[in-house]
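Right after this note come the structures.
You will see two complexes here that share chain A, one where it goes with chain B and one where it goes with chain C.
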Partner chain A sequence: MTKTVILVQTIVGGLGIGSIYALVALGYSMVYRSMGLVNFAHGSIYMIGTYFGVIFYKGMVAGLHLPYWAAFIVGILLTAILGVALERLFRPLANLDLMLMLLGTIGVGIMLDNLAIIIWGAEGFAVRSPLSSKPILVGGVALVPQMLLIIGVGTVLMVGLQTFLSRTKVGKAMRAAAQDREIASTMGIPVNFTNAVTFAIGSGLAAAAGILAAPIVYVNPAMSAAVGIKGFAAAILGGLGSIPGAIVGGLLFGVIEAISAGYISSAYTKGIAFIIMVLVLMIKPSGIVGETTVEKV
Partner chain B sequence: MKTRTTLWKTIALIAFLALLLAVPKIARNDYQVRILNMTGLYILLSLGLNIAQGFCGQINLAIGAFWAIGAYTAALLNVNFKWPFWLTLPAAMVVAALVAAVVALPSLKVRSHYLAIVTLGLGEVINIILVNEEQITRGAMGIPNIKRPSFFGIPINSEQRYFYLVLAFVILGYLVARQITRHRFGRAFRAVRDDYVAAKAMGVNTGFYQILAITISGVYAGVAGVLFAHLNTYISPDIFEFRSTLFVLTMTLVGGMGNLLGSVVGGVLVILQEVLRTFRDWQLVFYGLAVVLVVLFFPGGAVGIARRWRERQGARRAREEEANTVANPPSEEAR
Partner chain C sequence: MTRRNLFVAITLLTIVAVMLGACGQATPTKAPAQPTAAPAQPTAAPAQPTAAPTTPPEPIKIGWIAPKTGTNAILGEWDERGILLAFEAKNAAGGIHGRMLQLIQEDDEADPTKAVALAQKLITQDKVVAAFACTNSTTTLAVVPVFMEYKIPHLTSALNAAITQKGSKYVFRDCPAGPAYEKSIVDFMVGKGFKKFAIISDTSAYGKGEAEYQTNALKAHGLEPLAVEWYGIEDKDFTGQLTKILQTNPEVILFGGSEVASGLIAKQARQLGFTGQFAGGAAIGTTKFVEVAGDAAEGTYYSNPYISNDLNDLTRDFAARYKARWGDEPESHGAKAYDGATVLIMALEKAYPDITPERITEELHKICGVQGLQGTICYDENGEGLHEVGIGVVKDGKLTPVSVK
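Moving on, here comes the complex of A and B:
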């Protein structure tokens, strides 16, 4: 194997993991943009969303073995409903002091994590990929089918989100409400409704990420913390509140992780990714795509 | 009036201290004293967090990592070089302060949410190093056989004796924190917290105070780490994971951020957590629920509730006085 082949393989793997981070980061950024809320329960929503999908795929609900794509859709819908319920719960938290927000949402996250342990057990399980596990060879580069599925579906979802936000009436209303709450509501935009839709979409994307990632990771309640923190780091890296920023941040974080795992040290993968994030923020404090705002405390 | 309240306060304080001194005798078993010892350690951590975050507005999600640095410095020096407690203590304070100062550097550039993820990330990096540098830290296996301290020849070998050591450090830590926050540093910290731009314009060296505040929180966490290492005699990286930071943050907010007494009151949470253990699997569900309820209904924490109550009392007294003056207007001569 030549060096370029290994590099291409590493980058494809990084883009796969990065798509997962990007989908999670989108949830953070969308909710932050529209409600001013940093939702630290988002990692737990990702975990619950994964379970909501894979329990139908693995026949854990009344022995029902749905095909992967159907379980994928059911999981997204159920998690979106959970998101709407959480939006109602978090509404009083929006625009509170950051630390109170952090604690309030983390409190909900702790509840969700431990309810998951009570319902599904702490042990977790592996999920079989619906595609073959044999790598496809393209010009000497071995590509895992599930990885390609993640990148493909992830891209479709991100493009779909962008189209929804810029073309549809609801999407435009959501953007208006995010930009200026008061003016939007005087223009007749039901701000609470658009926030609920935002939360539903953010949660649905997290579920999509989790169900896509399920065959390449080990599904267990503890998965919420790792991806929750990395998704937030990705959103910050790109610029919190920016949709393209979340995508760029997520993909970049995934690629950095893959490269440092492949070339530097697998034990320090996460550490190196965090350090690069800190360095980027030192150079550009508002994130890669984020707008520079002089925030007067 | 004023002197009478001061007198009552002094009596209450003396009674409280006497009660604290008697605690090891009242406690039924070592386990209960151990919980109180842990409460003391968490109060120290919370004081540190409070100085950085409550007074200076510098979000510090690396406090658990600073705690780890203190504990590991003490443990390694004690196990490898047989340094006693009284030598590991200053060493760990210095090392924790240096690490904290480095972690504080990004605060010069990033603020708010960004500073939160930066300190969180650097804290994670420290934990990853502790897990992976196995030749030095023994990795996930942890470090056993850390020696208990002694005080002028008296071995502090029981939970009860350790209680007095912890108590002394908590009182000392509280008094030092009070000195720091009441005088020049405290004023500068609050200026940086309340209006960063104005503070800078007034000639406050904001960057210096930001780093100083986080460094002080590192020293507090370092002391708590040394005390923990010699108390538990065994440490491993999982003890200091991000959830320990979260716990310190929660107790500070429940007690009252920006008020040193809040850190002490927040210590109740350590005991509450032990009580919740009877619910087994549901323990953390209830804990999460309690946190959510506190944030939604008592965002000012316990100290905030006390303050609101006092203000209401004050307002009522003012109203009563006003009613009196309206009822009996002062006569012409009295004026």
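Moving on, here comes the complex of A and C:
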């Protein structure tokens, strides 16, 4: 293996896991910009979303073995519905003190985690990839089909989201509501509705990330913590509240992790990724793609 | 506002109910410690027919600290199953002279801070006379001083060698220590003619210990690992570490970490084009590793004191009862716990009627020559009872013995 091949291989691995972080980070950022709420239950939504899809793929519901793509869609839809219900639950928190907001979402996260343990058990399981596990070799770089699927579907979802927000009426209404709640209301935009849509999309994206990642990770209720924190860190790195920021932050976080494991010290991977996040924030507090934050009073 | 909140609550509950309904066969909540089969008063009846209120003799309280939730929850489950199998059989046969064994279970989530608090709770509030604590090296290392302070004997199934070297005479290991596992597998692999090894392990006490024992075992053959790479216990992507390892062209990748992570690593290493051999210690000879690694597990060598369910009459009987009680094939962790429970029961029998922590400790130290599932158990002054480990291989997705110690 030449030096370039090794570098490319490391970056590809980082982009794969980074796409997962990006999809999760999008959920944090979307909810934050539209409701001013940092949703710490988002990692748990990611975990529940994974189960919602995987249980149909693995035939855990009435022996029903759906094909992977169908389980993927069912999982996203169910999680979006859960998202709408959670938005309703969180609505009173949006205007409260930051501390109460934080506690409220953390509490719901713990509840979801434990619910998953009660329903599906603490143990967890491995999920088979719907694609071949044989890598495709391109110039010495091994591309794992499931990784390519993650990067491909992730890109489609992110581009789709951007188009939805900038082109469609609902998307524009969501952006307007995010910018100024009161004025948007007076213009006839149903703010509560746009918030619910925001939550549904954010949750659906987290489910997509989880179901895509399921064949390369191990599915268990504890999976919420690690990805929840890294997704949040990615959102902050890119600039909390910014959609392109979440994507850049997620991909970058994944690549930094992989590179620090491959080139610096694998024992301190996590530490290095977070240190870089802190450094970026010290130099540019609004994050890499950060729009200057609109102070809501 | 309140009406709307009520609506939300009802919606959420409905979702939960649907989920529960849909997954009827999901893992049932574990049966509590006490079995229902145990006869209340097995040997008392004829002697005093109308004697004053027959209060059943007080149960013997034994503590248990292990993870029941989190990534390591499976360790707790295996441990619990092995112990309960032995305890339930003993209780059904009348307990320790009529006194039932009661297992008081606590979940440490593999977190040393929680483990210490739980140890204190079990000792001071529940007043246990002995305990199983813990299944992880990090947590066990944390509780050893607590049990030492209160002079309560405890059995551990963790592998870090330092556990029995902290000067406590109250700690007993129910399996061989880490160095025995790693020396056996490294000796075996070197014996097969392999010379180029790389090590990948996690940064927990267990993972660091195993990697160190592997390195030492290699050094004894005049070999150095080509690479030693690390990961955090919750990591899922190992591309960076593996790319670095593959650059050194090893013939063998040695796993030092836990079963799930090692399984994922095996899978990812094959996908990155590694065609060499996998090998490892205790965590690798488990059905969980095979499940997670899938096809990539094929041909992996591992060292394990409990090499097969089909080794002798003792293991066959254990495997049949385990399967009948829990519905799964047992693996090494369940066997370790069962051996631990067996020697504890023997010590309790010998200590009777004086069931105190001091007497139990004394009797545990005297245990020698007991035939367990993993071999002959004989405790030395440090609390090490087993010293040799066999070798197995994953063949057609099954754990298959190669050589037995």
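Everything below uses one rule, namely that the second predicted complex is superposed on the first by the 291 of 297 C-alpha atoms of A that agree within 3 Å, B and C clash if a C-alpha of one lies under 4 Å from a C-alpha of the other, contacts with A are read in each partner's own complex, and residues count from 1 in each chain.
Here is the rule we use: contacts are C-beta pairs under 8 Å (C-beta built on N, C-alpha and C of every residue); 3 or more make two chains touch, one makes a residue touch a chain.
Only a predicted model underlies this, so the values are computations on that prediction, with no experimental measurement involved.
So in the superposed three-chain picture, is A:A267 touching just chain B, just chain C, both, or none of them (first/second/both/neither)?
Touch partners of A:A267: chain B and chain C.
After lining up the shared chain so the two structures overlap, which partner does A:A225 touch, if you call chain B first and chain C second: first, second, both or neither?
The answer is both, since A:A225 touches chain B and chain C.
Just checking: does A:M60 make contact with chain B only, chain C only, both, or neither of them? Give me first, second, both or neither.
Once the two structures are laid over each other on A, A:M60 reaches chain C alone.
In the overlay, answer first, second, both or neither for which of chain B and chain C A:I275 touches.
A:I275: touches chain B, not chain C.
Would you check which partner chain A:L93 touches, where first means chain B only, second means chain C only, and both and neither mean what they say?
A:L93 contacts chain B only, not chain C.
Touching A:L102 in the superposition: chain B (first), chain C (second), both, neither?
Only chain B is touched by A:L102; chain C is not.
Please work out whether A:I110 is in contact with chain B alone, chain C alone, both, or neither, and reply first, second, both or neither.
So A:I110 only meets chain B here.
With the two structures laid over each other on chain A, which partner does A:G16 touch: chain B (first), chain C (second), both, or neither?
After superposition on chain A, A:G16 lies in contact with chain C alone.
For A:I118, select first, second, both or neither according to whether it touches chain B, chain C, the two together, or no partner.
So A:I118 meets both chain B and chain C here.
Tell me which touches more residues of chain A here: chain C or chain B.
Comparing touch counts on chain A for chain B and chain C gives C.
Considering each complex separately, which residues of chain A are in contact with chain B in the first and with chain C in the second?
92, 115, 117-118, 225, 267, 270
Using the touch definition up top, name the residues of chain A that touch chain C in the complex.
1, 6, 9-10, 12-14, 16-17, 55, 60-62, 81-82, 85, 88-89, 92, 115, 117-126, 128, 133-135, 137, 142, 144, 213, 216-218, 220-222, 225-226, 254, 257-263, 265-267, 269-270
Taking the complex as given, what residues does chain A use to touch chain B?
So the residues of chain A touching chain B come out as 38, 92-93, 96-100, 102-104, 106-111, 113-115, 117-118, 225, 229, 232-233, 236, 240, 267-268, 270-271, 274-275, 277-278, 281-282, 285-287, 295-297.
Touching residues of chain C toward chain A in the complex: what are they?
Residues 1, 4-5, 7-8, 11-12, 15-16, 19-20, 22-23, 25-27, 29, 68-71, 73-74, 77, 203, 229-232, 234-241, 243-244, 246-247, 260, 263-264, 267-268, 270-273, 291-292, 294-296 of chain C touch chain A in their complex.
Please give the residue numbers of chain B that touch chain A in the complex, ascending.
Per the touch definition, chain B meets chain A at residues 53, 57, 59, 106, 109-114, 116-118, 120-122, 124-125, 128-129, 131-132, 193-197, 242, 246, 249-250, 253, 257, 281-285, 287-292, 294-296, 299.
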